[in-house]
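Common to both upcoming complexes is chain A, partnered first by chain B, then by chain C.
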Partner chain A sequence: MSLFKFHSPFLDDIKSKGVIPASLAKVNETVERLTAGLDIQDIRSMLRGDPAPRPNPRVKPHADSFWFHMRPTYYHNLVAGLYPSFRLGWFSTYFFFFETITGVILMFYYTPSPLVAYENMLNILGNVPFGRLMRDMHKLGAELMVLVVCLHMLRTFITGNYKKPRQFTWFTGVVLLLVTLFLSFSGYLLPWDQLSLWAVTIGASMAEAIQPEAVGVVANLLLRGGPQFNANGLLRWYLGHVLLLPLVGFIFLGVHYYKVVIHGHSLPPEGEAVGEDTAKRVPTDQRTYFMPDVITRELFYFSVTTFLMVAACVFFYHAPLEPHADPLVTPLHTTAPWYWLWLQGMLKVGDKFFFGVIMPGIIFNGLMVIPYLEVGPSRRYGDRRIGLTMGFITCAVLAILSYMGTARYAVSSSPDQEVVAELLPQVEPGPLRESNWEELTVGVWNTEQYSDASLNPTMQHLLGVYHEELEHAKSNPKCIRENKCLTDGEGVMTIENWQDGLKKITFRLTWDGGPGTDRVCAPGAQHEFCQTAYLHRLSNYAQGE
Partner chain B sequence: MTRREFLYYLWAASMALSMAEIGGAILWFAVPRFKPGEFGGVFELDVTAVPPPDTGPKAFDAGRFWLVNLGDKDVTDANLKEVAGLPYAEQQKGIKALYKICVHLGCLYKWVPTNYRFECPCHGSKYLPSGVRIGGPARRNLDVFVIEAMDASGKVLSKTEARFDGQDGTAIDITGAAKLRINTGQKITGSPNSVPGVA
Partner chain C sequence: MSWRAILGTLSLVLTALLFGYVAVTEQDRMAQFQLAYEARQVEVGAALFENNCTTCHGVNGEGIVGVAPALNAVDLLVSIDGKPPARLEEIKWAGAPADYVRSAIAGGRPRASQAFSTYPQRMPTWSQEFGGPLRADQINSLVSFIMNWAVELEKSGAANATPAPPVEGVGKDITVELPTGNAATGKALTEKIGCVACHITAPVGPAWLAAGGTAGIGARAEARLTESYTGKAKTPEQYLFESIVDPSAYIVSGGAYAANGVSLMPATYGDTLTKQDTADIIAYLETLK
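Take a look at the complex of A and B:
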């Protein structure tokens, strides 16, 4: 009978205690194993808000569990809340994971090939349930991640937290900033629209400016995957976006956060004496324990941010998709994403090797070594006047350069093209495409009719914009000086029913008499500019709102 | 140093060397190989495809070039004052095949008839029909492809040459020519042209 010995402590427990008490004890034991140290009583005591018993069982998971061992057991009271760090590092991490999750979901319906990438985007936007929401959230999350990471860096700089012994933490942070910027930028190419192609073409051409020339040529080829962007280049940027950069990001995030935890969260400058570092010797009466206080706050930040992201993308924000990439046309007013505008501004004023390679190199290397240069022991604002002044000057210069990077600075085309570009821009949908298709009235309309009350609101609005831009162009001081104004300029907008459900809209500007009524929009005409757009009833540029 | 320590250093050095070799192999692997394809080949055009003088350029997308026919008006363009004193301020009449890519950062510059010049939509470089840079961040004139003008029998009458130090292609006279051969595999880069004070 005892050939096979059968062990079952649980059955023994049932025998001795009865079914229900033994089962409850078993459940309790399972919970304690899953939480690496907290049983049901401990958890309920936390949820009730009881003070921690002594010895405190709530610190056990920090020693025994994988996930909690990465988090500090307690924070100093001064840094446990939203102020003074604004938890920007936490939010950066949040967006890193948010982007990873939404990105992986988008990968289900995306193939990195110029043949189908754009079609995949249309499918995601128009056909896949929640597809547009996922793309909007991924894009908005990317923009916010750049913003949050930059603010995180600025805040760390202002409060001087990068001073000894935290210099290396800052260094890895700059690497993470670069990873963030390139992650966001590499995502640009993937939809294979006009914005993608030309933003990334400029980026790769900057690599080409590296001296000596042979290095630049090879760097350019490596980035483009050929003499011009095509299937190879798209695949490279895709792999960089979904594999290489996230991998580098995860590794440096690990190093960065490890350093944060071993050095502790630095107190605000006024919170401790100069030269002291309280973070590793937090007095017992100044501690806010991770469980339950900090984790509750973090769950709250998580819930609110996720809710706001979803709400923003459902009601307000929609990621743009431009026309299909066209290697033969660079759209007017092409600009870099906002966080690279300062670079585009610099590139407009000078040499591409100096401003496109040397200067960014100096800026990012300079950022990495700041903590090793600013070695004064005090983090008080009053003791850091030079450093803080230089920091704010840098911010101001970046703001000015960013303005110079916009299309308003030094790239405006001839006044006739600029007028039409206000109605029918080449890098965004603009007033015409976003207008109500049903209200585009067939006919020939002059800008002077903008105040005609018998027209519907859409036509009044479009003609109003057209009229205003035309008058604005006529009174432009620069073109008056160069005597190139649209003298006697006249604007006409023709709307025709082209096919069933398709309207053809022609903007025609004439000046100095124009070519005459018998030659409308003929090629090579003088004193005339024409641009045509076709709009389908279902184009849905207004995006349903 | 003991023999053991020495052998460790030797081992470390050989590991570093093989890592460098692997890195080099990966780079070599990643450098794309490509055939020049259509672009990079020779395009043969009839002279009737050439636009009349002073009428602005004509685009040839497959060969990625603009064909310009510089006439009296083009060579005396008022904007040439921007480069006064520089060698290429003196312009030649004739035809040129301008490579369509902006020499700044690779965008496609476009022809703006109202301003009668090329303008780049990305960073605002400006060029005359002759390819001379007159503004913006570009640092040289436009690149050109070599054109050969041939008569009906195939004899080469004139050919694009470099004007200065192997740079800046000449405009060629095509009187009497019947055909043009534009070699998009042979590019002459524009002369350095960075005029202080011109934005």
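Take a look at the complex of A and C:
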């Protein structure tokens, strides 16, 4: 019966050669298949540093393997190392995949609903082993990715690598920059804490400012899923964060990298003649082959970067988690993430529509068209003085605008609020919450007691800060100009035992003689400001989140 | 190239070791984290309680007679000898005290039938689920804060404390002679016991203070005896005495002060106030013209 005949070449081999030689040959064959062309001998000679034989088996993976077909077979010697590109493009891609992996892990534990999102965060941090590590790495990766992508753009601009024929590569790169910025910004909203809600609300309010009003209203509704952020908005931004933006990013990454490879990585400007693009034609003696030299470098960068990321997150970088989002309470001094501070700074200059919509539109569109405007053939620094100067001026202006975006510039609530906000900030724990609970001594304390040596260090520190802020609020150039100084200001801090392990701390500021009645902290009192905080022994704000 | 291989391999090994370190410390860290966040819940709850609950339940949850029951109470929060707290046992609540507190806050309390209610005002509904202003996490914070009183109550052994000896109440006989009353002490007493909650702050009962064309209670007591009065008092002092210890003897007209002839004011003051207390309160009321 020959309906089914079992035939195995492997068994034939064993018969003819013996078990061990046949097994070794099988392993060798498997390795060659997995690497798409390199058997064990080839790999050994590659790693030993032997010169490549002819024909060169090390280029076979680039022809036969999907993963390696995308990578160049060789680089020019001048661009194979860290300098001059610092491999920032490589690092950008590394972070893209790092974020995808940590992001998918976090997705297992997250539901995009305002009713449970915050609870999910507490679950991840308090109930999922490695949860905090994954979240911290995801956040650190996001911040570093924005930084690396910006540095990559800056480096490409400085070395003039956007010039012909690479104009479209630059364009796709600017799109990728926008994708990165919005990925980071949309991720901000997901924890649904105070920072999430208000930072993204500020951002979306710029959409509302679009003129004509009808367009602005619709844009706002599309972005927020309603007049204010709630369940619809969160779902929308979540889908953007995990589906739309990664998809767009992936597509443009493909186009971007493909173009980089087919044009070849530009040489340093002084490495080739003006107006020539010799990147693709690399003489044999100038080649650094991907296998083994570049791939081993990349594996090295991968190992060291991953180690540094994990070490940073284990030992000192922790993503903060503020209190639950509250649509009725805007925290004082809420700011945008650092890469949007320049935009927040611009908004403080003038009209929301012009500085929040028109100007950023001009800036990003301007970025996209640089290669089509700056068409001089030379990439040499000496020949591009105007362009480079404009670039550096732009960086300086962005830095200044970013400072203007911080809470230190042009934000004024009343001076009494500012004094207390130094001790009890609304966007971070602050000195009071991070102080040693046991050392908070029950009693009524005046700021004048800050120098009392009989007090413990915690009380001295807190009263010291209180005293300093109050002295500043009594007289400084800004309050004099606005006639809002707290003349004859007096500060009192009352600490009471409230419940088991719970202390109640009340700050009371009076100035210009106080409210004039004997009632303390009555609502609507003149020349008086009170703020209360409750602090539990175990709440441990100093732990990092 | 070999230095890269060494450093790269070392990095991988160190990364694996770091993961091992995290694995070992993770259980402790998570337990600490949960404690820290439960503590923060108590803090948030304390602030919410101060803003929303103290007007009826008292600054320290001690309750206000005639307005709202005590929350900082053994009979609500503390299980003794494995039995549920007394108030929960009475209503046959099957779950934990925390769940009872949560349901009361979330759903509120309708006003019970007038014949049986010692709390004439309803408790508002707080949960957004039922149309109130607070989110679920805010209600959970409030529950954490209230349950934190149980810790203190259990610690201070209040559960096992012998009950305070009963006060020698003044009784319901309004002809009993009272000592001289001190108006200032009386005023403090009315605030401490909670009379002001119904008679001054948000008058559920006849307002004590003069307002508009109406005189204060001191003046009204004098005028009362000449109108259609159905009680047993012969003097203004006796009238005030009667209105404290036997509120249903005469129901003042002009407001919803009774149900089926039974006054909404608690009839228990005859048992809880001493003669001196009563005298002090009457002395104070007489000053409110």
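To be clear about the criterion, the second predicted complex is superposed on the first by the 532 of 545 C-alpha atoms of A that agree within 3 Å, B and C clash if a C-alpha of one lies under 4 Å from a C-alpha of the other, contacts with A are read in each partner's own complex, and residues count from 1 in each chain.
The rule we apply is simple: contacts are C-beta pairs under 8 Å (C-beta built on N, C-alpha and C of every residue); 3 or more make two chains touch, one makes a residue touch a chain.
Bear in mind that the values here come from a model prediction, so they are computed numbers and not experimental data.
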item	value
Touching partner for A:Leu535 - first (chain B), second (chain C), both, neither	second
Touching partner for A:Tyr118 - first (chain B), second (chain C), both, neither	second
Touching partner for A:Ala311 - first (chain B), second (chain C), both, neither	second
A:Leu222 touches, of chain B and chain C: first, second, both or neither?	first
First, second, both or neither for A:Val442, with chain B first and chain C second	neither
Partner chain(s) touched by A:Ser413 [first = chain B, second = chain C, both, neither]	first
Partner chain(s) touched by A:Ser303 [first = chain B, second = chain C, both, neither]	second
Which superposed partner A:Val369 touches (first chain B, second chain C, both, neither)	neither
Overlapping contact positions on chain A, where the chain C interface meets the chain B interface	none
Residue numbers on chain A that touch chain C, as the complex places them	49, 115, 118-119, 122, 125-127, 129-133, 292-293, 296-297, 299-300, 302-304, 306-307, 310-311, 314, 323-324, 498-502, 504, 532-540, 543
Complex contact set, residues of chain C against chain A	1, 4-5, 7-9, 11-12, 14-15, 18-19, 21-23, 26-27, 29-30, 32-40, 42-44, 46-47, 50, 135-138, 145, 148-149, 151-152, 155
Touch list for chain A against partner chain B, complex	198, 201-202, 204-206, 208-209, 218, 221-222, 224-227, 232, 328-334, 344, 347-352, 356, 409-417, 426, 484, 524, 526, 529
Interfacial residue positions of chain B with respect to chain A in the complex	27, 30-32, 34, 39, 55-56, 61, 104-110, 112-115, 119-124, 136-137, 139, 194, 199
